[in-house]
Structures are given as structure tokens and as C-alpha cells.
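Please find the structures below.
Presented sequentially are two complexes of chain A, the first with chain B as partner and the second with chain C.
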Partner chain A sequence: MTTLSTQKPSNPISRFFRWFFYRSRGDSPFKTILIHAALIIACVIAVYPVLRVVTISLRPNDTLLTTDLRIIPENATLDNYKEVLFGSPEKNRKSDFFLWIWNSISIVAVTSVISVILASISAYAFSRFKFPGRSAGLVFLLTTQMIPAGMLLLPLFIMIAKLKMINTPLGLLIAYAVTAVPLTIWTLKGYYDTIPVDLEEAALIDGANRFTVFTNIILPLSTPALAIAFLFSFMGGWSEYLVARVVLQKNESFTWPLGIFTYAQQFTVSWGQFAAASVLIAIPVMALFLYSSKWLISGLTLGSVKG
Partner chain B sequence: MASVIYNNVIKNFGNVEVIKNLNFEVKDKEFLVLVGPSGCGKTTALRMLAGLEEITAGEISIGDRVVNDVAPKDRDIAMVFQSYALYPHMSVFDNMAFGLKLRKTSKDEIKRRVNEAAEILDITHLLDRKPRQLSGGQRQRVAVGRAIVREPKVFLFDEPLSNLDAKLRVQMRAEISKLHQRLQTTFIYVTHDQTEAMTMASRIAVINKGILQQLDTPQMLYDHPNNLFVAGFIGSPSMNFFPAKLSVSGGKVMVDVDTFQVQVPDALAGPYKNMDGKKVVFGIRPENIHDPEFAPPNIHGEKVSAKVDVTELMGNETFLYLVNGKNIFIARVDPRSQKRVGDEVQVIFDMDKFHVFDVETEEAIR
Partner chain C sequence: MENENTFRRYLPTVLWIAALTAVYFTLNTLISPYADGITLNGKIVSEHVKELGGFLLGIFGSIALIEIYIYQMFFRTPKDLVSKIVTRTLQVIVAIAMVMVIATFLETTDLFRMGDNPIGNFFRSPITGFTNLKDTLISSGIATKDSATAVAGVFVSLLLLVVFAFIHFTSVPRNSRYGLAYLLILPAFLGVLFLIIYPFLFEIKLAFSNASLGTQATKNAQYGLQYGWANLVALFTGSVAKDAKFFEVLWRTILWTVINVTFHVAGGMGLAILLHRPMKLQGVYRTLLIFPWAIPATIAAMALRNEFDSRYGLFNILLGNLNTWLTNVSHGTASIIGIGNMFAWLAAHIGPVSWKQDPFWAFVSILISNIWLGIPFMSVIILGGLQSISQEYYEAAEIDGASKWQQFRNITIPLLRPVLTPAIVLGVVWTFNKFDIIYLITQGGPQEKTDILVSSMYKAAFSFYRYGFTAMFALVIFAILFLFTIFYLRITGGLKSATE
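Right after this comes the complex of A and B.
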């Protein structure tokens, strides 16, 4: 006991360094410091813009362009948030914020559900059946992901216009679904490939048909992959601007990325409200992300290693 | 309960013919083991019976029904997989009940059957657990239980013990044999382990390169292998082979192995009397080569000189690895044998129990 207690560094700074370097898997102190310094710089670069947005959203309108670096500004106010959420009777401006959020959530959620349903079935076919054009089909799906979104705008617009779906949520929904499905198919196919075929064969002998195998065995086992596919699809559509800009042209059908641009007028930009709206919009997707983070992580690791 | 018939069954994967004209019958209530080296086609033969592989040509019948185009679920079979193939998201009870639920069996009946199977396999206390909470042996029992509850006509086992450790394998081997006696149903069991085949089977079908080599009882296969492959595959350590030539002189048949000669007893010489000069493969099992000190009485023994290369003391027996000229062979001798590495020794070949195979056809000559 005596020996142990004399070996323990008593002062808190020594204890911190001992803990710090002990955790670093035997790397040299110099390497550890270098790694941590790089990570801290990366974190600052990632977090700083977000903090600036929060800061701007809290500033009174007359101090928007100040160069003050304080995170919580002097005379911090929630006026911008109030105006975004409830409008401004003085300026005779009503708020459409909740409408934009509703439009976004409904379109993106339905898109995600549709793309997960379509992709889960197609991915199963790609994973389990051999049919003419299987490999070509998979490569084709991958190729669609390599075309920049900007290049798709015109053909998408023409198609949606010919379908008379401009300014309708359905038009945007179709545009989102067709772009989300290929990646989702690849994600799910990769996961299905790791599910042992023996399980399906056992079920087939037990009395199942292909559909029962899919619904009773494959889908329950693929919950993490389905969750991650849903999440990717949701997040992809949630902050999408370009396609929405092309398809939706009326204020009442706007999704939030289009909506917050109404704060940017021809001659003035309401940066405070713009920032406040951006912060508010981040909340639902952050909540969804945090709620599903356990699935997200397991979903990402599962499928890479056969377990 | 039903018999199973393979009638001229062929299976091709692309241009590769993996099963070549398979013909045999598994009798009702029989425990047939399909044995052979990896890649010989035994699992493919089983999977075709299960309906998991299409048949390229020929017919497979279960009972009096040809099942070539019958879906797996309608063949009235149950299969135990090497990987157990338990549904990971279901409890043990649900795993066992899955097949019955799909067949719309009543809840009471499902409960009765699952509990009965669980009792037989001593897994009643595991029914609420998930497969990941079970050991390998327990998982294997659940897999067997899932097959039992279905009360099928034919049980199929695809190397079910391969993933278990040696001790558990021996235990499960005995349990599967007991299960067969209890259920009195047709069992078809695939393994590459000839010990499993010998200990469990009513009959064994030895398959090599997609061809059925021999189908017989374990003892008959061991004592009277039809060809060189079966002789070498069945038995551990495997049979010793020597390239040899037959010589017949004055009615006596000698087996001439360059560096030694042994005489075939008159009573067994009949088939070889017209084969003077014929090139053959001479075979003798390790237990039929004795240390002269401990050789059983009243055998037709022939002395052969050799040098001891390696000894393996097993406790109840000793393996001597012997060298004679270019030939290396194994003798399974009495554990009291004092032969040591480097000793020049004489061993006794029991010529009542030898085998001769044609060099070209590899078929047994008898």
C-alpha cells in the first residue's frame, strides 16, 4: 500500500498528464500532443461557423455587422426567434416558418419511407437472385450517383413539368425519391449480403415462401440498415435546396431551405432571422440524429464485417 | 416416415458436373450417412433432396412422390445446418415454433410439441433465450429441436457437428444416434468425418468426385472396401498401400513389393491364381500389422523388416511409423511394444486380412 501511494502523482496536473498519456495507447507524448492539437483545430473549424450563426441569431438588429467575437453577444435577444416563429405585427409580416417545416417534414419523411420500401425490396433481389442484367443494373445505379445534382435539374424540371407536378409536393417527392433510391439500394444490398443464406434456406424448409422469408427473417434482421437508410434519405432531402428551388415556386409550398431565403430580399438581408431560422431548423434533424445515433453507428459497422 | 430414392441424379454448376449419375435408395427409418472429402458433392446431393438446389437431370423421390419440382416447404423434411441457422431475432421457443406457426398449427399444439422436443433435448430452461445467449452445443440442440417439432418424414443433417469441439462432438454424436432410435424416422446425415459416419450410420454412402463409390454397412465398408478410394478413406489411420506385383508359382500366390515378399494364404489365393505378373496395389490396415511379441496366435503371419521412423504412444495403443525401402507405413501395435525410433524391427503382416486393388481400375480384386 505504501509503495502504491508514493507512486501515485498527488498533484492534479500530474494526474491529468498521467491520465492523458495513459489513454494514448503508448504513443509518444509528442505524437499525442500533435494528434490532439490537430483534432482540436479541426473541431474549432467545424464548430466555429455554427457558433457564429448562433451568435448572429442572438444579436439585436442594430449590431449585426459588429466584429465582436463573443459567443453570447452584448444585449443578447430572442427577438429574431420570435419574429421567425410568430412573425412581426409591426412590420406587418406573418410567419410561414411552421408551414415550411411541415412541408419539409412531410415531403422528406414520405420520400424516405418510399425510398426505403422500394430499395429494401430491390436490394433483396440484387442481393439474392441472379438474373440477366444484375451486374449492369448495379453499376447503373452507382453511375446515377456520380452525376452532379446540377446536371439533373433541367431534365428533372422538364419531366416534372410534363407530369404537371410543378409546385406540388408530389413533384418534389418524386424528384427526391428517384435520387435517394439508388444509394439506398446499395446500402441495403451491402447489408443483406452479410446475412447468411442459411437462415433463409432454413426458413424455406420450415415452410416459408420468399415473401415470408423477406418479411419475417430479412427485414427484422436488417433494422439497423433500414434505420440508417431512412436517416440518410431524410437528411439528404431535409437540407436540399436546388431541386426544391426548381420544382416549388409558391411561398405556401416552400420547404424550409426555400423559405428562409425569403429573409434575403433584393436589397436587404435579415441576417438575424436568417440565422435564427437556421438554428431552429437544425433542432429536429439533430434530435433525429441523436435519437438514432445508436442504430446509425451499429448500422455503419454492420455490413462491413461478417458476424 | 419414408424412403428416399436418388434415380440417375445429375447436378451441373455451369460446365462443372458435380454429381454424376447418383443412384441409391435410403430405406424407411434408416440412418444413412453420406461421407466423402470436401467438394465431393455430398452436400449438393443433400441440398437437392431438400429442394435448395435444382436437379439438372434425374429424379429424387421421397416416399412414392417425385419431388423434383416440389418446393422445400412441401417436401415434409426438416434440415439441421452446419451453421445452426437459428433466427437471431427470435427466442429459442419462437425458433422452434416458427415452422409450426407458418403451418397454422394451433397454439396449444405448438406449445405441446416445442415443450416435448425441448424435454428430449434438455433445453427447456433455454426456451426464453435468444440464440446469441447460447453456447455452440446448446445452439445445435435448438437446431435439432426445430427439426424435431415439425415431425417430418425425413431428417437431413448437413455436417451438424463440424463447429463443435471434439468432446461435445462425441456427446452430440451419441445424442443424435439416440434420437434416431427414439424417433424411428429416416435420417440422412452428411459429414466429411469418417469416424462420425462409422459410429452413427446404419449404412454409409461414400462419395468421391460426385460418384457414389460404395454404399454399405460401416463394418462391410471397413472390411471389404470396393476400391482404393473407399479403402483409404474409411479407417483412421488409413490403410497402408504398397505398389506390388503378383507372382504365381507352384500354386502359391506371392505379393511382391520390391523390398519384401508376402505369401497369400491358400484359402484366399483363388482369385489371384491367374494373375501372374499383374501389377496391383497391396493394402493392409495398421491394426493388421503386429509386433511379433504381441501378435495374435493362429494367423497367417508374414514377417517384414522395417526401420522405426516415428512412434506415437496413444496409451491404449501405439502407432509405429515404419520405413521399408521407399515405402512408409503405419502399424497399430500393442502399447507394451518396446519398439523405439531408429530400431531395425520385424513386424508381422496378418495375411488373413489384406486387400488387393487393380492398379488401373483401382477396384478391389477378390
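Right after this comes the complex of A and C.
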């Protein structure tokens, strides 16, 4: 290694090759180019299908079916967006878009609030106290992650039907809480474990009780984790389709995944409107996701990586 | 000075409120010309808010009452013998009432039937009493039909609070070792009990029944070991949904899981290694690469389904273009060099594919979709793991003359294990259960040749209404996953650190 780098070839061409393909420190330019090329290809694969949805949404209705691969189509128009948002008086069709969004947001937000409140309290106990049944409880929570999404769906469905909650937001809320609560406990427990116990012990010596410790030390310190947990359970229910399809059967109680699916099921498939609705929904969600991805990622590894 | 501080403190809030009001009014003026085309209106919103808010209040109110009850069990002790007797009596009465309410709830949801006898009526009495209270409230004009439940609930809670207050004032505090922990766990425990354990028990019961559409779900269903046996036999010998057989679907599920997880881990590892170095544009790449993860899965699945269209889908357009190019080359440049035959052979074999009709290509299409969707997640996890490995290990290895491959094999992989093990276990379990992509793209077709176990189960329940059969099916799937996880954890010894 040392001999190679100290010898200087006299020939300028071989010197160029040496510089291009071999460097003792860091990546050689050749390698850098290869890496960038690979990453650019990967990025294109990751992004292009998403951009195609935008393309379809911009197409005028008469050229929906085309083998064109351009991102901005010819005669691009916003008609699809207008129809999705405000309905079309010509076709005598009203727009359910805002209704779907409202249904989704209200159901998923309430689910997340419930699961974060329940979990923030009990995760603290799992993280800080030793009591009979603790490890059994933790293993049980992990086991619930193994339950197939559709597995408890049947008993839940019958239960929801018996409680006369079909077609109501409450029914779906119950079904979503099944997966949200254990996952949130698990995430938050992982985060509480990283908060030093010394802080609490100091406060306890100073005369605080457990409740003040929890509200004044633990909760403020774990605000980011609470936000992550909220976001996780929100994301979990936000674009859920299969459970919603079973629980909600009336058009006015639909959440948006069911809603946009109706565009594909109508007698004439309205891909343009489907795509426009998708873009309208995906943009805020993706913006939020990309913005918060850093914290999301740290939240994912919390439970698993310790020390 | 004081004034300025107050001003400063409230300025952001005021600005936020102003901004939100401005946004609201702008939206309002923008939307109002079209408002009659929109079905959402204030009435629907207020109804929802009432329903969900009432639900939240009910949940947290009942949890609070139960918490107080348990708190008094752990942390209060009666002063003297008389209060002790009264306190314990009250507590036992409340406990019995709770048991009776739960029993009635279980009966309503058909877990078991108490029958129309005195004992059953006795157990139903709290709920019957509650209904009667509601009726009285409505007939006496204190509450309307909508608010009756709320008013009656407040009434019962007040009664309970009086009981609790009595217990509180006739008792002295005492210490409890585990009390606080149990109090903290209680809300989530109740949630899990209601949401997971109860449905699970119900499922076990359903598995031993002949419940189906014909029996009106559980209404006229019969239960017994022979029905469970029949369900089990039907599962392993008959068709699981319409055509497909159990072992065929199981094999496909394993294939689906193995291929997906392998590609996710390999692709994620590749991307993570590429990204894990100081370089320009790293932030841009990272943002773009997690696009498939960021886009809502339903939208992605629907969009991809569109791309697998035989004529207008992206994949067939690309394959068609490739085919044309290969044909042209085989006639042009390549024939001059003398490898025209090779290109002609390629052109004959590479071309548009019928993604929807051919079972093999339908399976490939869902694999492509799910791999595309899953790689970003893995790469992000692995990148996080890579960044937690200290650079010093590699420097030391470099000095000792280890090659890049040896470094990867002996430093990266072992140190990634704490991240990889749970990621792979969860990845396997999630993929095994993940059928929304399948359902949205191929709906299991053609002829259920792309169904996996969970999607067959979903169909058996909600397309063919074979409830008892589905419950047994679900238990079998659960058993398979459970065995896998135990087996895997035994081998790797992973996840132990997480529960300690």
C-alpha cells in the first residue's frame, strides 16, 4: 500500500488513471461516480411511479389512456382537481372529498389520542417499576404484534355489529385501537428507558411525589417521543383500507381510502379523479412524513437499540 | 417593562390565531362559490364531534372511576372496625356490579348466553336498571333522547363518587409496594383486555362453531368440539376460499415472505451502505429514497395497479419499447457484428407481459410492488444501525490489513445484529400478514393464484361468510407465526435485551 502511493508514475495518462481509480484516502472519483449513478437510478425508481400519479391527475379526460411517458402531459389541466374538490354540476355529482378527509382525520386522531394517553401512563410503569407480571406483560405486548391484521377482525366485526356500531366512527376507532395501543406502549417504553433514573431520584429526594415526577420530569422530557408515538398510530390508521371496508359500508361514513377506491369502482373508472384525489391527500402527508422522518427513524430504533 | 413582557409572551399566540383565521376566511371565500357541491357541512361535523367526544368522555370517565376504586383498595385502610365492615361491603357491592355489567356486555356480544332465568336477570339488573333510569329521565323531561345516556352516566358516576368519598373519609392512608405500578398499568390493561383478549377468546369460541351466513353469524350458531374438528378438516382438505387449497396457499405465503424480506434486507442494506459515507447531495438522496415509504400505501397500491395495465401501464410500455429496440438492433447494428441472432432471441423472449391474466406474472407484480414499498423502511433502519457503529473498529481493522469484505463480514454484520434481528422478525411477521397490497392490486386473482393465507382468510370471512371456518383458520395462522417467532428467537437469542 505504502509503496504504491509513494511511487509516482511519470506518464501523465497513467497518473490520471491512478488518480481516477485509486486513492489512498477516501473514495476515488471513479467510485464516487459509480455510487452517485447507483443512487440516482435508485432515486428514479423510487420517485418515478409517484410522479406518474401526478401525471395522470393532470391529463385531460380524453387522453387518459396513453402510452406517453412524459411527466407533464400535453394539454395539462386542473379539471380533475376541481371535480374532486367541488363536484361537477354538469354530471350532477357532489364532492365527498372533504367528508372523507374529515371522517379519516376524526377517527384516526381520536384513536391516536386515546392510545398515546393510555400508553404514556402504562409505559412508564413498565419502564420504571418492578412488579409481578411485568415481563409477562411485555412479552404479551410483543406477541400482539404477531396477530394478523385480519385475524381479530372477524370477532371484532361481530362485536362491533352486536354493539350496533357498524357504519359509525366508533366501530372503526375500536378496530384501530387494537393495533395502536400495544405498539405505542412498546415505543414509549423504549424511550422512557433512555431517560436517566437519576433525574427522578433527585426529585424524589427533594420531596416530589411520583405523580409530580411523571408530569414535571418524564412527560416534558419525552415530548418528542409522544409526538412520534402519536404520529405512528396516526400513520397506522390513516391509510388503512381493509378494516375500514368491513366496518364502514355507507358512503357518507367512508374514510378516504374507501372513498378514492370508489373512483376505481364506478362504471367508468375515473383514473384522473382518483389520481387528483391521491395527490391532494398525499402531498400534506408526505410533507409531514419527510419533515418528521428524522424523528420517526429515531423512534423506530428506540425499542431495539440500547447501549 | 411588565407590559412589554406580556406583549412579547402573547404575540406568537395572537399571530397564530390571526394566521389561522386568515387561512379560514381565505378558504371560505375560495370554496363558497362551490359550497353546494360539497357534502361535508357543519351538521355532520358537530354530530361527529358530539359522538366521538362523548365516547372519549365515557372512556376516560369510567377509567377514572375504576382507578379511584383500585386506588382505595391499595392505598387506604379503614380506621375502625365499623367503617371497615361498611367499606368492605361497599367495595364488594361495587365489584359485583362491575362483574354483572361485564357479564351483560359479554352476553350482548354473544360470547355466552345467560339464559332467561332468574340468575340471568339478576346479572342483567345493573344494565336493566340503567336503561330504566334513562327511560325515567326521558319521560320526566330531565333529558332528551340524545342526552339521556350522558345524564344517566353522570348520575351513576355521582353515586359512585359519593361511595368513594365515604370510603375516603373513613380511612387512613397506607403504603403499597406494587400499588402504583398496577394503577399505572390499569388503563392500558383494560384496553388490551377489551380489544385483544376478549376478541381472541371470542375467536376461539367461534372456531368451535358452525357460524356462517346461514346461521346469521352467531345468532343461531351451534358450538361443540365436532364443529371445530369439521372446521379443521375443511381447512386442511377443502378449499380455503373458493379454489385454492391450504398447503398451496401456505407454500405461496412462505415464498412471498421469504422473497420480500430477502429483497427488503438486501436492497435496504445496499442503499444504506451507499448512503453511509460523507458525500454531496446525501440529504437529497435520503429524502427521495424514502418516497415509497412516505406515500400512503393505499394510494401506492392503486397507482401500481394502474401501472400493471397490459396496454397503458408503465411496465408494459417499457417492456414494449425494449422489445422494439432489441428487434431493431437485431436487424441493424448487431447483425453487422454477427450477434443478431442473440438479439433476435432476446427480442422474442422479452416483451410486454400479461400481468393480470398469467398467475406467475401476477405474483411477480405484487412482489415488485411490495418490494418497492418496503425497501426504504429497511434501508432507514439499517442506516441507523450503521451510524451507531463506531468508526474506530474499521480503522483498527484497516491497520490490521483486513479487506473491505472482511470488515463487512466481521464488523458490520455482527454489530448490526441488535438492529437487524428485530427488524427481520417484525419484517417477516408483517409481510406474512400484509395483504392490503395483494388485495388492492390483484384481489388474489387470477383464480386465487396470488392469495396468501391472510388474504384467503379475509375472503373466507367477508366474501364467503364462513365465520367458524375463518376463526379456525386465523388460529392456525397465529400458531404458525408464533412457532416461527419462538424458533427464530431461540436461534438468535434476540429481543431478550428489549424485555429486560
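Throughout what follows, the second predicted complex is superposed on the first by the 259 of 307 C-alpha atoms of A that agree within 3 Å, B and C clash if a C-alpha of one lies under 4 Å from a C-alpha of the other, contacts with A are read in each partner's own complex, and residues count from 1 in each chain.
Just so it is clear, a contact is a pair of C-beta atoms (placed from the backbone, for glycine too) under 8 Å apart; a residue touches a chain by one contact, two chains touch by 3 or more.
Computed from a predicted structure; not experimentally measured.
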Combined model on chain A: chain C and chain B, fit or clash: fit
Partner chain in contact with A:Leu152 - chain B first, chain C second, else both or neither: second
Of chain C and chain B, partner touching more chain A residues: C
Touching partner for A:Glu201 - first (chain B), second (chain C), both, neither: first
Which of chain B and chain C A:Ile217 touches, first, second, both or neither: first
Minimum Cα separation, chain C to chain B, after superposition on A (Å): 7
Chain B residues touching chain A - in the complex, by the definition given at the top: 50-52, 71-73, 75, 77-79, 81-83, 85-89, 98-99, 102-103, 146, 150
Chain A to chain C touching residues, read off their complex: 27, 32, 35-36, 38-39, 42-43, 45-50, 52-53, 56, 65-67, 69, 85-89, 94-99, 102-103, 106-107, 110, 113-115, 117-119, 121-122, 124-126, 129, 131-132, 134-135, 137-159, 161-163, 168-170, 173-174, 177-178, 181-182, 185, 190, 210, 238-242, 245-246, 252, 257, 260-261, 264, 271, 274-275, 278, 281-282, 285-286, 289-290, 293, 297-298, 300-301, 303-306
Parts of chain A lying in touch with chain B, wherever the complex brings them together: 196, 198-199, 201-209, 212, 216-217, 220-221
Parts of chain C lying in touch with chain A, wherever the complex brings them together: 31, 34, 36-40, 44-45, 48-49, 51-52, 55-56, 59-60, 108-110, 178, 180-182, 184-189, 191-192, 195-196, 198-200, 202-203, 206, 217-218, 271, 274-275, 277, 279, 281, 285, 287-300, 302-304, 306-307, 311-312, 314, 317, 320, 372, 376, 380-381, 384-385, 388, 418-419, 421-423, 426, 429, 432-436, 439-440, 454, 457-458, 461-462, 467, 470-471, 474, 477-478, 481-482, 485, 495, 497-500
